[in-house]
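Below are the C-alpha cells for one structure; questions will follow.
Letters A, B and C name the chains as they come in the text, with residue numbers starting at 1 for each one.
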Amino acid sequence: MSVAEVGRRRATEWAARSLQWLRTTALPPLLLVIVILGAWQASGLFLDPLLISTPTSVLTELASMSTQGQIWLALLTSLEEMFIGLSIGLVCGIVLGLLMGRYWIVETILSPYVNFFNATPLVVTIPLLVIWVGISTQARLLFVVLITIWPVLLNTLAGVKNVSQGYIDVGRAFGLSEAQMLREISIPAAVPYILAGVRVSVGLAIIGMIISEIEVSMVGLGFLLTSFGNSFQTGKLFAVILVTSVLGVLSAAIVRLVEKRWFRWIGELSASQR
Amino acid sequence: MAILETARTPGTTVGQASRPRARKVTRRQGQAIQIASLLVVLILWQISGLFLNKILISTPSEILTDFVEILLNGQLIRAFLGSAAEMAVGFGLACVVGISVGIVMGRWKPAERAADPLVSFGNATPTIALLPVMEVWFGLGLAARLAFIFTICVWSLLINTLAGVKNVNRGWADVGKSFGLSPLAATRSIFIPAAMPFIFTGMRVALAQAAVGMVLSGQEIGETGLGGLVQEFGSFFQTGYLIGAIISSTALAFIAFWLLSRAQAYFFPWIRAMSARR
Amino acid sequence: MLEILEVSKTFEARDRRVMALQDVSLSVRDGEFLSLLGPSGCGKTTLLRIIDGLTEATSGRIVFDGIELQGVSRDMAFVFQDINLLPWRSVVENVEVGLEGRGVPRPARRRRALEALELVGLESVANAPPYTLSGGMQQRVGVARALAVDPKVLLMDEPFGHLDNFTRENLQVEVARLWERLKMTVVFVTHDVDEALFLSDRIALFRTNPGRMSQLIAVNLKRPRWEYNVRADPEYIRMREVIMDELEVRKLQMV
C-alpha cells in the first residue's frame, strides 16, 4: 500500500471515529441542552422575564458584568476567603483525623464532639458565629472552616483505622518505629480515604462560602446573589449562578486531576487489598 | 461517583474499630473515659461562665434552663415539628424523583448520556443561589421551602442511585441475562435491589443536605421552624436560647439518621451483610 | 539454632476459644531448609508468625542462638503469602523497608536494596511501581525485601500460594538455587507436598483440631534437586506416599 493510500485510510478511520463520538457522546447532551435552552428562551415570550429571564439576556448580563469587572472582584473575594477557610479546615481535619486514628484515647475523648458537629446542619451556627465575631470576614472564614473539617476528618480517621493488616504486618516485621509506621505505612494507605474526604470538603467549602456570604456579608458572589435576587434582576442573578456552578465543576475537576497526577497507585491499592 | 459513606453519617463511624486491636482496655472503660471527659468539659465551661461575657456564651446550667423554658412554652416544639415535617416531605419527594431518574439513567444509556452533564451542573450549583428565584415562583411560604429542600438534596440521590445501578455486580447481571429476564424485569428484580446500598448512601448524604435546606429555608422564607428560631434568637443576642435551638437541630438530624438506619435494617437487612463481606 | 519450645496458641473470639497450636516443640538446625506442611487451619502460619514475633504465643518460648525471643525478631525476615508490597513505593523502595527499620543511611540502603534485587534477577525494574509487575515478580520482590536485611533465618509463609502452577514451579527452583547459594536457615510453610519434598531437608507434618505437629520427616534426596527429575525418584515416591498417608488418614479420622 502506498503512503498516500495509508494516509487516506487513516483519515477516513479518524473521520468515522469522530462522527461516532459526536453521535454517541456529544450529541445527546448537546441536544438536550439545546432543547432546554430553546424552551427557556421561548418561555421569555409569554412569561414575565422577572420569573426566569432568558438565556440570551443571561449571557449579555454576564458579558457586561465581566467587562465592568464587578463579577471578577466578587469572584476573587469569594475565592480568597474560601481558599483560606478550606486550607485551615483541611489541615485541621487531616491532623485531627490522624491523631484520632492513631491514638485511641484521642478518639474516645473527641468523638462525641465530632459526631455532634458532623450531624448538625451547620447553618444554624451562623447566628452564633455572628454574635462571637460580628459580621466580618472572620465569621465567614470560621464558617467555612467549620463546614469543611468534618468530612475530611472522618474520612482520614477511617483511612488510618482501615489500613490493611498486610501492610501493618510488613511494617512490624521489618522493624519500623512508631513514627516510621505512621509516616510510611498508615498515612499513605489512608490517602484514598483522605482524598475522598477532600473531594467532599471542597464541594462543601464552595457552598459554605456562598451561604456565609449571603448571611453575613457585603462582599463576594453571595452578596451579589442576594442583591440581585432581592432586586429581581433575574438575568444578572442567573449569570452569577452560572459562574458559581462553573466554579464548582472546575474545583471537582481539579481534585480529580490531582488524584490522577500524584496518586495513580490508588486504584491498585483498593483493588488488591479488598 | 458515590460519596464515601464515612462523612455525613453521624454517630456510626467514630468510636467503632474496623478491626479489633490488641488493646488492654475494654469498651466499658472507653465509655467511662468519654463520660468523664465530657463532665470535665461541662464543669470547666460552667466555671468559666463566672468571668465570661454572657452574651458570648452561656453556661451549661443557663442553657439548660433556657432550653426547658422554650420547650415548655411550646415555641421549640412547634418549630421542631414544623421543620421535621417540611424536611420529611421535601426529602421524600427528592427520593422519589431522584431515585427514579437515577434508575432510568442507569438502565438507559441515551438518558444517561444526555442528562449527565446537566446533572453535574445542577449538583455543582449552590441551591441557595436559587432561593430568590424560588421565592418568585412559589411565593413566600411552604411551597418555596419545600421546593428548596427538594432541590438541595435531589442531586445526591440521583447521582448515587446512578452509580449504584451502573456498578451492579457483573455476575448478578449475567444471571438475569442467562435466565431470560426482560430488561424491565431485570431492573426490578436484580438492578434495583443490587443498587440499594448505594441508594442508601445517597439517602444519607441527601438527608444531611435536607437538614441544611430545612434550616436555611426556615431562616430565609418566612422565619419559621428551627431556622427561624435560630435567626430570631441570634438577632436578639439571646445566646442561651440560640444554643438550645442549635442542639435541637442536631437532635432532629440524629433522629432522622436513626430512622433511616432503622428503615434500612428493617426493609433491607442484607445490605449490612453485603458490605461486611468486602 | 532456632528452638521452638512447647508453643501453644489459643484464639479467643467472643464466645469461642480456638486452640490453634498445642505444645509444639521443634529444633531448627543452622542452615537447614525446614518445611511446615499440613492442611489449612493446622496453625502452621500462626506458628511461623510466632517464631518471627508478629503474633504472641499463649504459652511456650522461642529461643534463638540461646536468647529468648521478645517482640519481633531482628535476625529473621518474613516473606508474606499476600506479598504485601506497598503500592505507593517503587520496587526498590519496597525492598528498602527493612533497611529503613534498621536505620541504615540512605546511600547504603539503596546499594543493599539493589544488591538484593540482583539476587532475584529484578534489578531492571527497580524503579517501576509494583502494580506493573506480575504476581510472580512481585513475590520475588518480596523475597528480595527479606534478603536485603541479611537475616539469619528466612521465614516464608506459603509464598507461592496465590500464584499459578507455572510461576510456582519456576519460583520453587529459584528459592532452591538461592538457598544453595546463600546457605541460610529457612522455615517454609506450605500445604503442597511436592513443594515441600522438592525444597526441604526436613518436613514437619501438622494436624488440625487442635493444631499440632505429628511427625518430623527427613528428606534424603540428592541435591541439587532441579538438575534431575526428582519426582521420578523411587525414594521421592515412597516418601510422598508416607506423607499422604499421614495426612489422609487424619482426614478420614476427622470424618
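We take it that a residue touches a chain if its C-beta (ideal position, glycine included) is under 8 Å from a C-beta of that chain, and two chains touch if they have at least 3 such contacts.
Since this is a predicted model, take the numbers as computed values, not measurements.
Touching subunit A and subunit B at once is no chain at all. The count of contacting C-beta pairs peaks for the chain pair A-B.
Taking each chain's centre as the mean of its C-alpha atoms, subunit A lies 18 Å from subunit B. Rounded to whole angstrom units, the spacing between the C-alpha centres of subunit A and subunit C is 48.
Averaging Cα coordinates per chain places subunit B and subunit C 50 Å apart. With touch defined as above, subunit C holds no residue shared between interfaces to two or more other chains. Contact residues on subunit B toward subunit A in their complex (touch as defined above): 3-4, 6-11, 13-15, 17-19, 21, 23, 25, 30, 33-34, 37-38, 55-57, 110, 113-118, 120-121, 123-126, 128-133, 135-137, 208, 211-212, 214-216, 219, 226-227, 230-231, 233-235, 237, 239, 242-243, 245-246, 249-250, 253-254, 257, 278. By the touch rule above, subunit A contacts subunit B in their complex via residues 24-25, 28-29, 31-33, 36, 50-52, 100, 104-105, 107-109, 111-112, 114-116, 118-128, 130-132, 150-152, 154-155, 157-158, 161-162, 165, 193, 196-197, 199-200, 203, 206-207, 210-211, 214-215, 225-226, 228-230, 232, 234, 237, 240-241, 244-249, 252, 274.
Contact residues of subunit A toward subunit C in the complex are 164, 166-167, 169-177, 180, 184-185, 188-189, 191, 264-265, 268-269, 272. Note for the complex: subunit C touches subunit A at residues 52, 54, 72, 74, 77-78, 80, 82, 84, 86-88, 97-98, 100-102, 129-131, 145, 149.
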